[in-house]
Amino acid sequence: MRLVAEAVGVRIGRTVILGNVSLDLGPGAFVGLVGPNGAGKTTLLRILAGLLPATTGRLTVDGRAMASVRRDERARRLAALFQGAGVGWPMRVSEIVALGRLPHRRAFAALGDADRAAIARAMRLADVAHLADRAEPTLSSGERMRVLLARALAVEAEILLADEPITALDPAHQLDAMTLLRAISRRGIGVVAVLHDLTLAARFCDRIIVMEDGRLVADDRPDAALTDGLLASAFGVAAHRGTAFDGTRYILPWERSGPGTKEMG
Amino acid sequence: MSNRARIRVGAVSLMVLLLGAGLAGAGAGDAEGRPARVVSMNLCADELLLRLADREQIAAVSYLARDPRGSNVAEQAEGLPRTRGLSEEVIALKPDLIIAGAFTTRATVALLKRIGFPPLEIGVPADFDGMRGQIRMVAAALGHPERGEAMIAELDARLAEAMQWAGTPRLRALVMRPNAFTVAPGSLGDAVLTAAGLINVAAEIGQDRTGQVSLEAAALADVDLVILDEGARGAPSLADALLRHPVLAELRRQGRTVSVPNRLWTCPGPQVAEVVTRLVAAARARTSLR
Amino acid sequence: MKALLPRASASARSRLAGAGLIVIAAALVAALVLASVAIGYAAFDVPSAMADLLAGRTTLPALVLWELRIPRALLGALVGFSLGLTGAVLQGYLRNPLADPGILGISSAAALGAVMVFYGGLAGSLSLALPLGGIAGAALAALGINLLAARGTGTLGLILAGVGLSSLAGALTALALNLAPNSYAALEIVFWLMGSLADRSMDHVWLCLPLMGLGWILMLSTARALDALALGEDTAASLGFDLVSVRLRIVTGAALAVGSGVAVSGAVGFVGLVVPHLVRPLVGSRPGASLWPSGLLGAALVLGADIAIRLLPSRPELKLGVITALVGAPFLIGLLFRRQGRT
């Protein structure tokens, strides 16, 4: 599946929320969507998920306009993970993950064998199988994130769009989650994740898309996208670059760049 | 309060009030000591006042007096000032006699007593004698006792006329007033049924303390005559809607209903005899039907 | 495979439990309908009346059975199902465990609509105007609640708005009844604000049944969307649900079911609040799973309350809303305390 945006934009009145974004997403890559607060990352993600119509430009799925794709087909092929709303009721983990099968179920039909198999695969992949009968309020934030990810994986879509999947996690769980997302992409699923941690994004993603003020300002391999100049102009930070003990190169946002922002004294 | 206790209290307050009325009348009345500015505060007081007093004596009647559905004196009330029974309205009229119901506008009555305008309070008569006594009492307070006697004589004549046809066998009757109220034993309405030669079924089916019966109990009590007010249909209400209930419609189809306007037997007056006349006629028609 | 088996059987188990509960609750409702028909104010040979009825003999007992006892029982079940179902749907949709058509002001707005139509004389010329008036009132209230929810008003904010709306609609109902030209009207306010099934007839059943049924279908059709909405609107939309359609079905369905019910029985409170909370421990927290059981248990609750009213020695009989409030108000206070303990 190819999800292609051509000069996509959103305006509310005269305010440009998103302008002229063009990008091309396909299977098997882990794409990090980064940018400072208010750069339009979540808006772009919602457009890509087909939840928000673009006011200008064109969004296509395998060459067909997104608007002409039936809602249920879109739901089966494009999974989206939003965590902001939480889980409204103390449902059991297996019930939450099963929600991912809703796009595949006929009206009034119960879960079929294929559904149950997909749920089991998703839970195994996200390592939540042992939590199946736990109620949602008893989970830690790391467990909850993995359960919601399993829910999105249960859709078995071709592209997974995830909004800030690791923001609420501690360092160990962040590493686990990034490893998991990359592993999912290696299974042929296109993964796009809104991320704030540039170090982890640069280390795990195959490709980084940088947003600034509603515009796309970089779209490349991590080391090509996250240049010193871009880090300064888009994020206002200077990064320390180094090589880890295993030989991997890393970047670490170290201090604010530009005048008057350095620490006093 | 039992009816007897109610009457006793009524009688005591009557004596006190007559004194009060006398005192008030002494100052403001005409040459013959009649009150000259009388205010009545409920419908039954309105009806007695309008029928027993000279028109010049009347300062105001209640707002209900002019409603033709409820009032027997709507025409006579035309052109007279009306009140809603508020203290300030009543006091502003500078009355020398106030006639109030024993169970209505209690706050105003209490206030009037406190500030020295004790009203003449009329209760709900429990039988024909109570009714006669009330007519006499009001007529005396208005300074026209002879008109009271005339009204009683008219009532008695019409009652005697109607009752001579009151028949055997005694039919079973049940009154259904709006909101399923009935006529409880020991009330004037019960006395009217008895006078018409009817058995009040309400006594059997255990109507509750406010005198309500359910439609179901009414339908299953094997009643010969269900007495309703099906007169001029007023504005919509649930009470009126109940009259169109299919169970009542069936009773009506079977000739078991008779319509009597409630206003005829809400208040004391010669029109109560009219109810007896209608009930006797209905009972005779029903007996011949059976 | 080893991990798969217990999970599959667990979900099958809960589905079985859900189906079993629906069967048991339906049997309970059927039993209560029969009890409601058998219990009344006058000694009454129900089987012989039934025989008359079936043979087409219009005897008075047959008529009392068909036009008083049976409609009273049916209306209890219909109104109760509507309230329980609407409560479960609203709680799921608003993700608000305190939502209830009474608490959110939908019932009292429906009563206001019905009162304006009834005492304005419209229902006299067209009997369908009565439920339509109730539905219009309920729809306006439900839309208002929706707008507030869409603006991000929280759980307690919505409840407060509902309390305000209830008081306003109650006051306007009192005003309308006092201004009504009929002198009995003022006495009838208790019926509209507390609800009653006394002296209804089969006409009332026919009047509200089709509209209610349509409302039920609309609300029941949102079961899966309600499940998805547990994860928020974006996730539900990404799972393929048209949220505009879902909102429309819920508002219309709630208005039809509650509005037509209130128009024939007055506003009965708290059923929609209490019932989903009783159901959840049995079927789990998945909102869609609670719809049928909540409807059935709502029917059982209203039927039970209406039977209690006739067994209690209080005469004139208590209004339905008195009993449901005696059960529901302490329940609401308990829920509020539990919430407070959590946050």
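Just so it is clear, A, B and C label the chains in written order, and each chain counts residues from 1 on its own.
To be clear about the criterion, contacts are C-beta pairs under 8 Å (C-beta built on N, C-alpha and C of every residue); 3 or more make two chains touch, one makes a residue touch a chain.
Because the structure is a prediction, the values reported are computed rather than measured.
> Based on CA centres, what chain would you say lies at the far end from subunit B?
Centre of mass proxy via C-alpha means gives A as farthest from subunit B.
> When you average C-alpha coordinates per chain, which one falls nearest the overall C-alpha average? Tell me, please.
Ranked by how close its C-alpha centre lies to the overall one, first comes C.
> Take the average of all CA coordinates in subunit A, do the same for subunit C, and state the distance between these two points in whole angstrom.
42
> In angstrom, rounded to a whole number, how far apart do the mean CA points of subunit A and subunit B lie?
Centre-to-centre distance between subunit A and subunit B: 82 Å.
> Using the touch rule from the top, collect the residues of subunit B that touch subunit C in their complex.
67, 70, 178-180, 205, 207-210, 212, 214-217, 219-221, 234-240, 242, 245-247, 250-251
> Would you mind writing out the residues of subunit A in touch with subunit C in their complex?
46, 49-51, 71-72, 74-76, 78-82, 84-92, 94-96, 98-100, 102-103, 105, 110-111, 116-117, 119-120, 123-124, 129, 132-133, 135, 148, 151, 155, 163
> Touching subunit A in the complex: which residues of subunit C?
Touching subunit A from subunit C are residues 3-4, 6-8, 10-11, 15, 92, 95, 224, 227-235, 237-242, 284-287.
> Once bound in the complex, which stretches of subunit C touch subunit B?
Going by the criterion above, the answer is residues 40-44, 58, 60-61, 63-64, 67-69, 118-121, 123-124, 180-185, 187-188, 191, 198-199, 201-203, 315-317.
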